[in-house]
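Below, each structure is written out as structure tokens.
Two complexes follow with chain A in common, the first pairing it with chain B and the second with chain C.
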Partner chain A sequence: MTETPLLSIRDLKTYFYTYEGVVKALEATSFDIWKGETFGLIGETGCGKSVTALSVMQLIPQPPGRIMSGSILFNGVDLLKEPEKTLQQLRGCAISMIFQEPMTALNPVYNIGRQIAEVILLHKDLTEVPQKNTRNPITHRRIQRARKKRAFEKAIEALDMVKISDPKKVARQYPHELSGGMRQRAMIAMMLACDPDLLIADEPTTALDVTVQAQILDLMKELQHRKGTAIWLITHNLGVIAEMCDRVGVMYAGYIVEIGKTEKIFENPDHPYTRGLLRSIPLIMEERQRLEIIPGSVPNLITPPEGCRFHPRCKYQMDICKTCAPPLVEVEPDHCVACHRFADVKYSVVGEEEKHG
Partner chain B sequence: MDEPLIDASHLKAYFPVKKGMFSSTKDYVKAVDDVSIQIRKGETFGLVGESGCGKTTLGRVLIHLLPPTSGTLVFMGSNLSEISKHELRMLRPHMQIVFQDPSSSLNPRMTIKQILSEPLRINKRYKGEAVTTKVLDLLKTVGLDKQHLYRFPHEFSGGQKQRIGVARALALNPDFIVLDEPTSSLDVSVQAQILNLLKDLQKQFNLTYLFITHDLSVIKFISDRVAVMYAGKIVEYANTVDLFRDPLHPYTKALLAAIPIPDPRLRSKHIPLKGEVPSLITPPAGCRFHPRCPVATEACAKIEPHMKEIYKDHFVSCF
Partner chain C sequence: MKTWEYIVRRLILLIPVIIGVTIITFTVSHVIPADPARAFAGGPKAQPEAIAHIRAELHLDEPLWKQYFFYLNDLIHLNLGKSYLENRPVLESLRDYFPATFELTMVAMLIAVPLGIIGGIISAIKQNKISDHFSRIIAIVGYSLPIFWLALMLQYLFAYLVPILPLEGRLSVGMVPPTTITGFYVIDSILTGNVATLSSSLLHLILPAFTLGFSTLAIILRMTRSSMLEVMSADYIRTARAKGVPERKVIYQHGLRNALIPTLTVIGLQFGALLSGAVLTETIFNWPGMGRFAANAVLGLDFNSVMGFTLIVAIIYVIANLIVDLLYAMVDPRVKLGGG
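Presenting the complex of A and B:
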């Protein structure tokens, strides 16, 4: 691919300064998201997935958080160097984000339509209703009212687009009156109201039931198809990733440990962590008597392990793993791994399995 | 076949909803509506369904944490609604529950030792030094050790907290444990650890589980028999293998089709179910699934289907 990526994160480093010490949440994270693709980021709780997304949106609470170094290029513009005003224009418009818990992301005291209309008012010039600079307060008020009314109509259209059955009624309802799936639809409607180039979906379906999850995922796919939005999907559900994504990044303790085409990652995972993750899930398709486990748990990021952060839990560890963090290397086209022993991991499969089985 | 550990017939659990100024009219949330199941000794009985379908309520009714509105519940041969309070307390140690959210089910002001020794003290099973020995023993069975004894719940990770929840349930050597979504708040790698632990413990102590979850792949891994619940009713129940190989109820089929499979080559072309779980105050007439059902007929809207045995041990309530 010769064109420039839509979003390009390079060596992003985000720390949190807390009473207990410095939490090294992100350490040299780099990846690209291309136009119109779906990129998935997987990893366990506390491995830095959401922090990466919030860093891009620059919604990290500062302090305690601080983006130490790195660059975030969005359409060639470094977001870290832009003033707050430019960011405000981008947020919710060019880049928008869906949060995990729709109940906390929606304002409980405004109705759905008004909340969506707010985004439209802020970011869209409603051409039908020209914004005239007028000194006459009465004309001004009339224009404002007309704009609001138009925005509300647009909000209803947006709700219709996410297949809410009675958009006019729903627009006048409050978040607590809607079910979880409906709220998430309303969130998506709000985020897509401005035709963003990039949609960040942070665990959009974790709080939902499987049947509703399937509905929401289908809806996202369809809207992407129609509008060409790039979707950055953050989840810990491997099934959702396999279903939705073109490319996947696997994150562990602040590092991207493996990244590549979805098929390649799922067919031959080269990093021991990815391998462990894929084997630890119970499958519908096949019989598993025991689940393979990754011993231990995610390390404390205040005092992360030296070298490769995965080495204390890794069954392939060597001495070099304890001292030197492995770089991300390309093992095949569209497939990079950060592991000193990826070659051994790859070819020792049979032997290892006999030993452990 | 020997006598089932739990024999529930026509269980109902209704919650009154007050309406009007003087609470004159009453509606009921029919969380569990006419459910009959038998759980055999030593098996893992899985209960799946979407949120709000009444599976947690059913779990609580089965160990008499919630007395059923009507119906009979026979546990180890004694009818729980007929026995006295005192006798019920004597049976209590034999049934335990592990809750979904480990952080809210452990008292934040008690140390692990206090949490685990409380059931031992209340039931006067152990005294003095024996309590500590038993607590240590429990910790060891769930994979924790001595250094964790005097810590508080907030010092543990989610997986460890769930282990403590399991240890507490095991403290009195129960026969039956209700596991109410024990792994849904955990990460996949930790979930795998807990599931393996539960399987081991079952073998070691000859336990019977009721495993409540909304995750069908977990059910497939852990249970011997499964019941699928929808809007307060059980719509299908069968051996796990049969159910997954040949689901009969359209709802079960839809549930199975909706699971994202972690294999990009198998991207499903599923037709998602429309709509959502109905209100349990005014459930649809006839078959409760008919408004969402792809194969509903006119009869489905009027007549309520009954449980029928289609194959051996495979029951379904659908026309």
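Presenting the complex of A and C:
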């Protein structure tokens, strides 16, 4: 592909300086997201998925967080070098983000319509309303009021777009009066109101019921088709990834360990961690077997293991894994893996693995 | 429920509160081992006839429960009895002293609330910076300084060492108070256009109002700081930032409105506390208000005045809390008046 990616993250390193020590949350993370695609980022809790997203938004709480190095190119502009003011103009407009907890992510003291209208007022010029910056305070106030009214109408349209029935009523309701699914729809309406190029969805359905999850995902897909937004979906639900994503990145302890086209990764996972992850989902169709588990747990990122961070849990580990972090190498077109022994992993069969384990 | 309906309901609830307060104050003031009749008749050397006369007049020779009903009966007719110290009806004394205390309290709150809230916000958003340490020191000092010491120090500094402010009273000595319209000297001076009394009354307010308001300032500051800190790490603040809202607006529109909810409670309670708790401040600054009146009444065994004062304070507390609850419903849409 010759065109430039929409978002290009290179060697991003984010640390958190806590009382217990420096948490090395992200260590040289690199990947691209292309225009209009759906990219899935998957991994266990605490592996750095959300930190990556928040680093891109630059919403890492600072202190204790600090982006140490790397670059985040969005449409060719390095976000890490831009001033806060530019970032404010980008957030909610070109890049927006949906959070995991619809219950707490909306401000309890403002109604839904006002919260959506706020983002429209911030980023859209609302050209239907004359907006000469007049010095007369009375006219100025009248114009402001007209803009607010127009933004509120647009907010109602946005609610209609996310298939909320009776959007006029919902716009005047407060978050505590809505269900979790409704709030997440309102959140999506808010974050898509300005037609962003990139929508970061950080576990958008984790807190919702299964039926509502499917509706929300369908809705996101539909809106993506209509608006051409790229979606960066963060989840630990493999089913959601398989369903939604064109490409997927697997993250482990602050590193991308495998990245590529979704089918390729699901068909031939080449990293031992990805393999374990895929084997740990129950399948209804197949004969019942004991689910495989990955032994051990996610390492403490204050004192992460040397070399490949997965080696203490890996059944393929060799001496080199303990000292040298493997680089991400292309094993086939659109499929990269960071593992010294990907070739052995590729050709190993289940029985052999038992022997190793 | 409609707002007015709620207000009426809450005001009706005042009646049991008043009855409860009267039972307590009445019992307490009548079981302490002192003889008010003797005190009013002139102390140890009083004539027995005079004592008997006063005793009969105050129904002190009747059983306690009967005395209580006499008192309640008077209360219904808005008669709080007679103040023996001032030799006039208690209601009249309270009517004279209440505006002085109210004026002092209002000014104290006008100092404490804005400074406390602003200090709390700055402290929270500059957490662990110099301005935060500074406001926290102010808060601890305000918490722990005894009022009488603070009052005396302020008098010593600003009325004696650097005499820029008056020592005590509501007006300069020899100045005629403005015509009574509201009883608040500042407002009356403005209404009558009297610049001299206006400036004098304002100058006289500064030291006592600051003394009275300082601890409240400290409490509001700490409350605002801690709730602001909590709110600013909430998910919806992150959402606001993700929307591209400028940081100023994040703090003042999204943060402050949520952080003010607990602060409001404190303000309401403090308002009641200041109105009733001005005893020390008023005594030291010789401020002719209810607090000084109550202190004198307690020392002089003037039970009618003590009970009248307590009653007024109870009513003020109930009304202040009612106002806070109404404000609550305005600020926080999750609060429904009378729900539950």
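One rule holds in what follows: the second predicted complex is superposed on the first by the 349 of 357 C-alpha atoms of A that agree within 3 Å, B and C clash if a C-alpha of one lies under 4 Å from a C-alpha of the other, contacts with A are read in each partner's own complex, and residues count from 1 in each chain.
Criterion: contacts are C-beta pairs under 8 Å (C-beta built on N, C-alpha and C of every residue); 3 or more make two chains touch, one makes a residue touch a chain.
Quick caveat: nothing in here was measured; it's all calculated off a predicted structure.
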Superposition on chain A - do chain B and chain C clash or fit = fit
Pick one for A:Ile67: touches chain B only (first), chain C only (second), both, or neither.
-> neither
Which holds for A:Ser96: it touches chain B only (first), chain C only (second), both, or neither?
-> second
Which partner does A:Leu26 reach: the first (chain B), the second (chain C), both, or neither?
-> neither
May I ask you to decide whether A:Met190 touches chain B, chain C, both, or neither, giving the answer as first, second, both or neither?
-> second
Of the two partner chains, chain B (first) and chain C (second), which one does A:Asn237 touch, if any: first, second, both, or neither?
-> first
May I ask you to decide whether A:Leu199 touches chain B, chain C, both, or neither, giving the answer as first, second, both or neither?
-> neither
Is chain A touched at more residues by chain B or by chain C?
-> B
Chain B to chain C: minimum CA distance in the overlay, Å?
-> 7
Common interface positions of chain A, toward chain B and toward chain C | none
What does chain B use to touch chain A in their complex?
-> 50-51, 157-159, 187-193, 195-196, 199, 214-218, 220-222, 244, 254-268, 270, 272-274, 276-277
What part of chain A is in contact with chain B in the complex they form?
-> 44-45, 179-182, 209-215, 217-218, 236-245, 262-263, 266, 276-278, 280-285, 288, 290-294, 297-298
What residues of chain A sit close enough to touch chain C in their complex?
-> 57, 59, 61, 84, 87-93, 96-97, 99, 101, 104-109, 111, 118-119, 122-123, 174, 176, 187, 190-191
Residues of chain C touching chain A in the complex | 233-236, 238-247, 254, 257-258, 331-334
